[in-house]
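After this come two complexes, each holding chain A, first together with chain B and then together with chain C.
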Partner chain A sequence: MLSYRSRIAVLVFLTPPLLAYVVAVVLPIFQSLYLSLFEWDGIFDPVFVGLGNYVKMFTADPSFWGSLGRSLVYVAVTLVFQLGVALLIANLLTYATRGREVIKTLVVLPAIVSTVAIALLFRRLYSFDPPGLINQLLDFVGLEVLTRAWLSDLGTVLTAVSVPEGWRFFGIYMLILYGGLLAVPRDLEEAAKLDGATEWQVFRYVRFPYLRPVWITTTIMATTNALRGFDIPYLLTNGGPGESSELLTTYMYKTAFAHTQFGYASALSVAIVVECLIAVGLILFMVRKRGFTV
Partner chain B sequence: MTSEAVVNRSAPSFPGTGALNLQRAFSQVIILLIVLVQVYPLVWILLTALRPAQEFAAGNPFAIPSVITLENFERAFAQGNLGHYLLNSAIVTLAADALIVVLGMMAAYAIQVLGFKYSRLVLGFFIVGIVVPAHVTLVPLFLNYRNLGLLNSYWSIIVPLVGFSLPMAVYLFQSFYSYIPRELYDAATVDGAGPYRTFFSITVPMSVNTVVTVVFVNTIFIWNDFIFANTFVLDKDMKTVPLGLQSYMGAMGSIDWTATFAAVCVTITPLLLALLVLNRAIIYGIQGGATKG
Partner chain C sequence: MKLALVAALATLLAASSALAQSPAIPPAGEIVPREITWLASRPSDGPVLSTVRAIADEYAAQHPGFKLDIVETPDRPSYLQKLETLAAARQLPEFFDTDATPFADKLRQQGLMVDTAALLESYGLTDQFRPVALNYDRFGDGSLYLIPLEFGMEVFWYNKAMFEAAGVAPPSTLDDLPALCPKLAATGVLPLALDGVDGWPPQRMIAWYPFRLSGGDYLDKLKKGEAKLSDPIGVKTTEWLASFASNGCLAKDFSAQGYTDARDQFTQGKAAIYYMGTWETDAMINEASQAEAVRGNIDYFTLPLTPDAQTGANEFFVNSGIGMAVGSGTFDPLVYDFVKYMLTRYSELYANTGALSPMTYTPEKLPNDAPLYAKIVGEIPKLGSLYAVPWDTQLDPKSNTVMQQQLTLLLQGNITAEQFQQTVDAAIAENAPRFFN
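This part shows the complex of A and B:
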């Protein structure tokens, strides 16, 4: 096994990274768990309330349930782009004969733009007065009935703050799925086609089963990322108008840093972690249940 | 490249070619549409930045600017303290990148190359960090910084950025190190190299490609970080690029949009250049990422 000398070497190499990780990530998680048992405004002495914050969250705080629900809508809209459209385009791209390399680079471009710049951009795109790009486009194709102030209309604001998130990482997920599709054996597809399978059947029974491992990874990545989505809704509407675009993350942030309820905010942040864990568990459960027959 | 050529689906050898051509044309239109949706907003940012302010106010967003002007860029630098934000972001990005690479290599070396009894467990401990939401650390870090007097410092942003990037970095380095043949290390040991010399003479030089991937991915994350900077930095002089851009958003109605988008252009440029220069490595890195894992 290890000599005494390399046992010291393990410590020398492992301690600094472990320390950085523990200080920045692990310790704060436990601090949050601990803080969530108190009521504290950050100035006066914390008051121990046991599980009081969690009881309040589940039974006496409609804002919590509301923002949880809106977070799920946010995830759904994001996934339509990052999984649905991404899978469609990845498929179509395998049939493309020209320009594949250029297309791959172009669709990834939004991923390097900061969320603040994206929020600035979409604020303009959604603008009603002066008319932004989207309203002008609707006007141009004769759908002026649909033009509206997307970010102040209660019916559209939640979708409007979700779309930019789906848009910006669409390219990344499309590329990952495309990479997965490249791994599908070509002769298998050919054989299926010779047996008279339609393109849809080839996709359904040959390509997708092969794509499964990649598809699962992508689903987990996209879902947990969307559950953590914060910047764009916070910057575009800060949860408004009213609470109509408030997500669990923006609600937690406000509770902590606008209302300085550090104890309750910690309980909310623990809920965000639990929500991510449940999502991963649920995805893996569904995968297992459906087995390997697809 | 060969795998690309293999899936080239031109020249089908069975009947029904007419319908297939129609399908192909249709799918190309859809792809083109998506590319437009992904790229046009960015092109629009650039056009806006180059457009005279009056023309933008009147503006048809699809029109090419009548005159190309750099005035917006001048105003962006003059009003917004943009140079200072860029400097702050550069400092934070360089420091955090360096730490991530060094610490990531060290951890992966200990786990994968040196090896020890609970190395898999430690690896798992790091990897779990990939799914931890940043929100759960905000309140504790804020309070810790306040106690230590670290709010409004570069460190206050660097520490969580490094902590949250380490899991992925450790994972990437570790999986690369698992491909380095054992014989190489055995040879070094025979030559009398200890664990430290082996690290510097074999592992580090071989890691260059992975370093490029890790640095690029993390630079995007760090350069664009909003949540940590927004929480821990309140002082105007310590603001990074994203916070600086946010200050252009300012009060309702009075936004100098053309200058704002000029500033956006400036802040995107470093990452855009990196993406274009490292294009192939990055695109194939993402594309292959999920299949290798």
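This part shows the complex of A and C:
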């Protein structure tokens, strides 16, 4: 039981951030929920349509389902970088004896570059005519048959817009995971090695179990961030060609500000919130099913 | 961020029910200098903004306390987001840019825009504008709530040397246009440079055939769902568009090419044809910015005819660009007086920049002595009475997006003409009633 003074201290310190959270996060979600019950063009009076926007979204809007599916692919590609590559490099860094700080700085660098600059950079990298770096490299190693217009080809564009997002922030997640790996007791690793464990076995049975709480948190952060990904796909292709790189977020933005369907856009924004909650729920469910705690 | 934006609009629901009234012209009262705002969607260093800035400085010198704050957002989607948010909040500034779109029509219906036909009439300036420039800014019922500040004709810029090398001549019919592509491509050049990122340049292409076959009738019906792309005109048009893909007319990555990318392909000698307005004349006559092989080889041709064309060779895309609206909520004697001063000074100052003016004023001496410039200026008196209008300003916003998306796929050869017709017809049938009933 906290003393009276401690309770006051808790209240004083917790109330401002809680209030800020309610105003900045909870209130907009409820406002979107409210607006999603209307049909509104921003000019004439809103018309109450009840759950009509949700019925349309689930039963009569193929663009919604298509965008949702592409968003999941976008998340998958992003996670390959932000979890897979990040973990690999973090693990390798623990073995590095020289240049560790330089590598850390280099991989974190993309996170501080502006989104517009990244979009322009990748537009040039993917360029077909004049050939960008990727097509030039393919040509150089004799794989000219693989050169293509990466942002115009319906088969590659979704991956092409996902890669910059994964690349951009993988350094941040790498740092978090690296911090987690540094906390693994060295005596345990040495004991395992003395018992004949290979490097892989050390990672699998000693390092990763220690890293798991950090890994789960990182997974949740990376997944929810990727589900809300918007700027790079919007700047690179604006969802095109056709709808082949349209994500739920870019679709919602267009619905609101290009189609002036603010009620329906609110329903889509509620779907994005629900999508993130489901993703976090699924991750936690899988973790607990396997008997781990966060 | 996006969620917060949509949510912020929810808080504006209460404000949306108040109907504003169109103000009296001229407004009663004294001129009280203050700061006024123009929400502009034009290039920062373009002739319109530089001219108006100079005029505003003159006006400020005569009216201490006056200031024109120009909020520039050249990127159109970002601009429209700002405009729609301000409109929903009933916080539109003194001036804002818009085309005569279905959305702008809603603003007019809510009394949020000043009747500029009455405004120009009260200044006695109506006759000083080119009729085509004014007509382009009118809504479907003929009313005028915008002031045109630009004037342009859309033409096919082409490289004479590349045409000669390929043994082809400018097309005399629309069907000849895609037929040129294989011959041009065989010489190693890109036949047609096109900005696919922005959506509207490809959409000009779908407007060409219907304009030749029906003037504006087909579009008027199509946008309301009274005509379909699966009708004979639509079928002819979309099959013709599909031939651009099969004839290899466009760059493989045109959908990722932006405005300047396409222009550079032409001026740097990689592309043979570039369809764009005369607002790009400077890039066409300024040889210093062109590749050596391009210098002196640029000419243009206008929209080719069809064998059964209902419109004349002197009738094509002519427009006055995005218009300037005067917000009714802040319309007062100062705004009335400033607009009068601005328009009185605008014609001379703007024409002397070399840009084509929406007003009839012509400088005694042309500001540029390039033969190509003189040829373009000489085109204006020969223009016919009909002109094609951009489809993106006429269709409802959702159908417009669907058409632009599908058009890219059609021009890339990813879908057939029939698939294009079905998808876009369905979108118009679903969305047009919200704007045109």
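In the analysis below, the second predicted complex is superposed on the first by the 265 of 294 C-alpha atoms of A that agree within 3 Å, B and C clash if a C-alpha of one lies under 4 Å from a C-alpha of the other, contacts with A are read in each partner's own complex, and residues count from 1 in each chain.
To be clear about the criterion, a residue touches a chain if its C-beta (ideal position, glycine included) is under 8 Å from a C-beta of that chain, and two chains touch if they have at least 3 such contacts.
What you see is a predicted model, and the numbers here were worked out from it, not measured in a lab.
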Contacts of A:110 with chain B and chain C, given as first, second, both or neither: first
Chain B versus chain C as contact partner of A:18, first or second or both or neither: first
Chain B versus chain C as contact partner of A:50, first or second or both or neither: neither
Which of chain B and chain C A:241 touches, first, second, both or neither: second
Chain B versus chain C as contact partner of A:96, first or second or both or neither: first
Partner chain(s) touched by A:42 [first = chain B, second = chain C, both, neither]: both
Superposed model, chain A: greater residue contact from chain B or chain C: B
Which of chain B and chain C A:62 touches, first, second, both or neither: neither
Partner chain in contact with A:142 - chain B first, chain C second, else both or neither: neither
Which of chain B and chain C A:254 touches, first, second, both or neither: second
Residues on chain A lying within both footprints (that of chain B and that of chain C): 24, 27-29, 31-32, 35, 42, 123, 230, 249, 252-253, 256-257, 262, 265-266, 269, 272-273
Contact footprint of chain C on chain A as seen in their complex: 24, 27-29, 31-32, 34-35, 38, 40-46, 123, 126-129, 148-149, 151-152, 154, 230, 236-243, 249, 252-254, 256-262, 265-266, 269, 272-273
Chain A-facing residues of chain C, complex: 1-11, 13, 16-17, 77, 80-81, 84-85, 87-88, 103, 106-107, 109-110, 190, 196-197, 199, 251-256, 270, 397-398, 401, 405-406, 408-409, 412, 414-415, 431, 434
Residues on chain A engaged by chain B in the complex (per definition of touch): 2, 5-7, 9-10, 12-14, 16-18, 20-21, 23-29, 31-32, 35, 42, 85, 88-89, 92-97, 100-101, 103-117, 119-121, 123-125, 130, 132-133, 136, 167, 170-172, 175-176, 178-183, 186, 193-194, 199, 213-214, 217-218, 224, 227-228, 230-231, 235, 249, 252-253, 256-257, 262, 265-266, 269-270, 272-273, 276-277, 280
Chain B to chain A touching residues, read off their complex: 3-4, 6-10, 14, 23-24, 27-28, 30-31, 34-35, 37-39, 41-42, 44-45, 57, 59-61, 99, 103-104, 106-107, 109-111, 114-116, 122, 126, 129, 131-144, 159-160, 162-164, 166-167, 170, 194-196, 199, 220, 223-224, 226-227, 231, 241-243, 245-246, 248-249, 257, 260-261, 264, 267-268, 271-272, 275-276, 279, 282-283, 286-291, 293
